[in-house]
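Two complexes, one shared chain (chain A), two partners (chain B, chain C).
On to the complex of A and B.
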C-alpha cells in the first residue's frame, strides 16, 4: 500500500490508506459479513481471510450450495439465508455485497438503514434510478461505501494515470477498450428451475450484460485519463449473433463515448473470439499507454535536437548540457517503438476469468475497505468514480440495446 | 548533402555548425572560434572522408569493398587495402579482448566456431572459414571514422564537439565557455529529463542499446539473434573507436564477464543506464 500512497495527491481515495492511516487502524478488526457467496463472493472471501485487519463473522446466501462452499472456507462465521437477518447481526460492522446486479441497490440501501458500512460489487446498480437512490442513501448514512472497481487500487493503473496527468503522452486524443472472450458466459446448472438464478448474467431482468459486467471496469479508465472530464453522450450497437441459446443480453457490443473536447472512448466486446483478449489503451499525441501490459510507447521516437541545440546555447552565451547522446539515431527509423515498462512485476491478465485475477488490485481494495470500516473514514471520491462508471455502463447498455445516441446527465452525483 | 551554418550571434564566440547524413545516421560537428572559411574547408574535407568511408564499409552497397569481401571470401582469399586490413585486425583484437562479445561476424549463419575468418598479414587478404559468414562493420566503422575526424579537427583547431548519430560523441578541447562539454544521454520520452550527463574534454562517449525507435539492432554473437533490452550502456575514454567497441560489448556481455572486459581497457569507464518511466535513469557504474 505504501507505493500507492505515493500517488495520493492525484488519487484522493488513496489518502485513506497511507501509512499514517494504517496506524490509526492498528489493533482494530473490521467485522464483516458477506452477502452473496457465489464465485465472486468467495474470491473476495479468500482475500479477506488473509487480511489481518478482517474478521469474517457472517456469511449469507439463499442458494445453499454456495453458502456451504463459503462456510467450509470460514467455519467460525455465522450462516444466514436471508440478508435481512445478517443486517440485524450486531457484530457485523460492514457488509460485502456480491450478489446479482439487480439486487445491489436494495441491499445497499437496507444495509445503510441497518447502520452498516458497505462494500458493493460493481456495477453498482441495474438502473440509473437505482443508482441515484443508492447515492442518496449513502450520502444520508454517514457510513463508508466502497465499490469493486479494483483498478482504482491497482498500482499499475495508479502509475499509468500519474504518467498521463504528468503529460508523459501529451494530450489525450483517444481511449480504446476491448474485452474479448470465447466462452458462453454460462455456469453449470443441475436443476433447470435454477437457470435464471445461476445464470442471472444472461437475463435482462437481473443483468445489464457486457456493458455492466465488463465495460464498467474499463470505462473508468476514461474518467481517469481525461482528468475527471465526463462524456456528453454515448452511441452504441450490439446483438446476439453467436450464442442463440435463449439468453437476453448481447454476446457482442460496441459503444462510443464522446467527451466535450471531441475525444472518443470506445468499448467493444465479443465473447465468441478471444484472440485479442483484453485491451485498455490511452492514446496521446506523444505516446500511448497500454494499461493491461503496463507499457508506455513513444508515439514518435523523440527526434533528438542534436548539436544544433548546443549551437543555440553558445549563441546565447549559455553553458548548458544538450541531450543528444544515445543509441544511434537512424535516419529512416520506423515508428515501431517497443515501449518502456512503467511498473515492475506486471501481472498481465487476459480477461478470461469471470471471477477475478491475482494482482489486479482486489486485495488492496478490500484492505482499504477494512481500514475504512475500522476508522470510519470514507476514502474520498471513490463513490463518485464508481457511480460514474456504472452510469456510463448503464447508458452504454441502453445505447447498444436501442442502437441510438444517449445524452449523459452530468449532475446526478453532486 | 550537408548543411553549414556560421553564426556570429555571440560576438565573443563565433561558431560553425555542420551536419550531413552518412553511415545510416546524422553526423554533426560544432566548431567554435574558427574563421568561417577555415571551418567550411575543414568540414568539407571531413564529410568527403566520411562519405568515402561510408562507401567502403557499407555492406549493403553493391560493389563496396566490404560487400566484395562478403560475396567472395568464403570461396577465396580477398585482397583488401591497408585501411580495411587494419580495421579487420583491430576487429579481431577487440573480439578477443571483449571475450567474444564484440564480433563483426556476429550475424554468421553458423555458430559452430568462435573464429570465422583468417587474416593473412603478408598478403593483406581475408578469407572466411565457411559459407554463411558476412562481416558487419556497423559496430566499429563509425568509431573508426570518428577517430579519423578527431585527428583532422585537432590538426586545425583547439575545440570541437562531434556527434555521429548521438551514439558516438567526441570532444576536442573544452566548451568555449571554459568548461568540459556537458553531453547528456537523451531519455526516450522526456527531452528535459536525460538519463545522465557526461562532461567531455578531449575524450569520447559511446552509447549502445536499442535505437530510439525501440528497435533492436545489435546481434548477440552467441546466438545470432538481435538483442532487445531496456538498459543502455555508455562507455567513456580517450578513443572513440575503443568506446564504440566497448559500449557494444558491455551491453551484450553478461554481468559475469563485464569486469574482465573492462579490465582489458585501461583508462576507460562504463555505466549501465536504465531509463525510468518518469524520466532520468537508474545509473550503475560498471
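On to the complex of A and C.
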C-alpha cells in the first residue's frame, strides 16, 4: 500500500487507502455477501478470506455446484440461491457481484435499493442504457460502488502512469493494446441444458464478447495515459473465423479509438493464437512504457561502445548481402534499448485464464472495497473511470459487430 | 612422445607478434572511439573485446606465416 499512497496525488481513488484512512477502519469489519460463485467469484472469495477487514457472511448462486464449492471455502457463511434473499440479510453490509454481464445492472440497482454497498465485476453493464441506469442508481444511493478494474490498484500501473504524467516518455503519441489466447473460451458442461448458463460469455444475450471481457481492462489505460481525455469515436471489425461451434460472439476483434488530439488507441484480440499473449503499451515521443511487464524503453537509448558499433556494422554488412531480399528491402528492427524495469516482482502470465493472478491489484482492490464499506467513503472517480471503460468496451463491441464507426457520447457520467 | 624445444628467439618473436596484435587491437578501439564519438573510457571498458580482437589478429598472423612456409617449401 506504500506505493499506492505515493501515487495518491495523481490517482484520487487511492486517497481512500492512505494510512490515515486505514486507521479509521481499524477494528472494523466489512460484512460481505458474494453474489455469483463461479471462477471469478471464488477468486475474490479466496482473497477476501485472507483480508483481516473482511467477514464473508453470505454467499449466493443459483447454480448449486458453484455454490457448494464456495461454501466449502467459507463454512460459516449463509447460503442463498436467490440474490434477493441475500439482499434482505441485515448482516450484509456490502455485496460482491461476480455474475454474468447481463445481470450486473439489475443486481447492482437492487443492491443499492436494499441499502447495500456494491462491488461489481467489470464490465459494468451489458448495454449503455443499463450502464447509465446503474450510474444514476449509484448517484442517488449515497453508497459505495467499486468495480473490478484491478489495474487501478496495481502498483506497476500506478507507477507507469506517474511516469507518463511526469513526461518520462514525452508526448503520448499512441496506445497499443492486444490480448491473444489460444483456447476456445469454453467451460465444460455436463448437462447440455446448462450450456448457455455456463458458457454465457459465448452468447450475445448475456455477453459482449472480447470487448467486454478483455478490452474493458485495457481500454482504461487510454483514459489514464491521456490524462482523462476521452475518444471521439471508435471503429472496428471482427468475426468468427476459427471457433465455428455455435457461439455468437466473435473470436477475433480489432478496434481503433480516436482521440480529439489526433492520438489513437488500438485493441486487437484473437483467441486462436497466443504467441504474443498480452500487451499494453503507451507510446511516447521519447519513450515507450510496457505496462504488463513494468518496463520503460527510451527512443534514444544510451549509445553502445564504439568497438561494438563497428562490430555490429560489420555484421549488418554481411547479413544485408543475404540473397533472400534485394538491397532495396531492409527490415526496420525494433529499438535496441533493453529498458528500465520500474517495478520489481512483476508477474506475467500468458493470458490463458480470465480468473486473475497474484500481484495484479486484485487483492488491493478488494481491500480498498472493504475499507470503503467500513468507512462509508467512496473512493473518488473510480466509478467514472469504470463507467468510461465499460462505455468504450460496449461501443467498441457495437463498432466491431457492425464494422462501422460509432461516435462516443461524452456527457453520460456528469 | 618427444620433448620439444622452444628457442629463446621463437619466444621473443611470438611475444613481439602478440604485442603488435594487441597494439593493433587497441588502435582499432581508439579508431572506433574517435569515429563513433564515444568516450575514451572505452579503452579500458572494452578491454575484453580488445583481447578477443588481439587473439583473432594473432591467429590470422599464425595462419599467414604457415601459408608463407608452405609456399617457400614449394
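Here is the rule we use: the second predicted complex is superposed on the first by the 380 of 414 C-alpha atoms of A that agree within 3 Å, B and C clash if a C-alpha of one lies under 4 Å from a C-alpha of the other, contacts with A are read in each partner's own complex, and residues count from 1 in each chain.
In this text, contacts are C-beta pairs under 8 Å (C-beta built on N, C-alpha and C of every residue); 3 or more make two chains touch, one makes a residue touch a chain.
Keep in mind that this is a model prediction, so the values were computed, not measured.
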Inset, instruction - Look at the residues of chain A and decide whether chain B or chain C touches more of them. - result: B
Inset, instruction - Report for A:307: first if it touches chain B alone, second if chain C alone, otherwise both or neither. - result: both
Inset, instruction - Examine A:166 and indicate which partner it touches, taking first as chain B and second as chain C; both and neither are also allowed. - result: first
Inset, instruction - Look at A:65 in the shared chain and tell me whether it touches chain B only, chain C only, both, or neither; answer first, second, both or neither. - result: neither
Legend entry - Touching partner for A:409 - first (chain B), second (chain C), both, neither: neither
Inset, instruction - Tell me which partner A:287 touches in the superposition: chain B (first), chain C (second), both or neither. - result: first
Inset, instruction - Considering only the touch criterion stated at the top, classify A:298 as touching first (chain B), second (chain C), both, or neither. - result: first
Inset, instruction - With the two complexes superposed on chain A, say which partner A:317 touches: chain B (first), chain C (second), both, or neither. - result: first
Inset, instruction - Could you give the residue numbers on chain A that contact chain B in one complex and chain C in the other? - result: 303, 305-308, 310-311
Inset, instruction - Using the touch rule from the top, collect the residues of chain C that touch chain A in their complex. - result: 28-29, 32-38, 42, 45-46, 49-50, 53
Legend entry - Complex contact set, residues of chain B against chain A: 5, 7, 9-10, 12-13, 15, 17, 19, 21, 24-26, 28-30, 32, 142, 161, 163-169, 175-179, 181-192, 194-195, 197-198, 205, 207-217, 228, 230, 232, 234, 275, 277-278
Legend entry - In the complex with chain C, residue positions of chain A that touch it: 303, 305-311
Legend entry - In the complex, chain A residues that touch chain B: 159, 163, 166, 168, 286-287, 296-298, 301-308, 310-311, 314-343
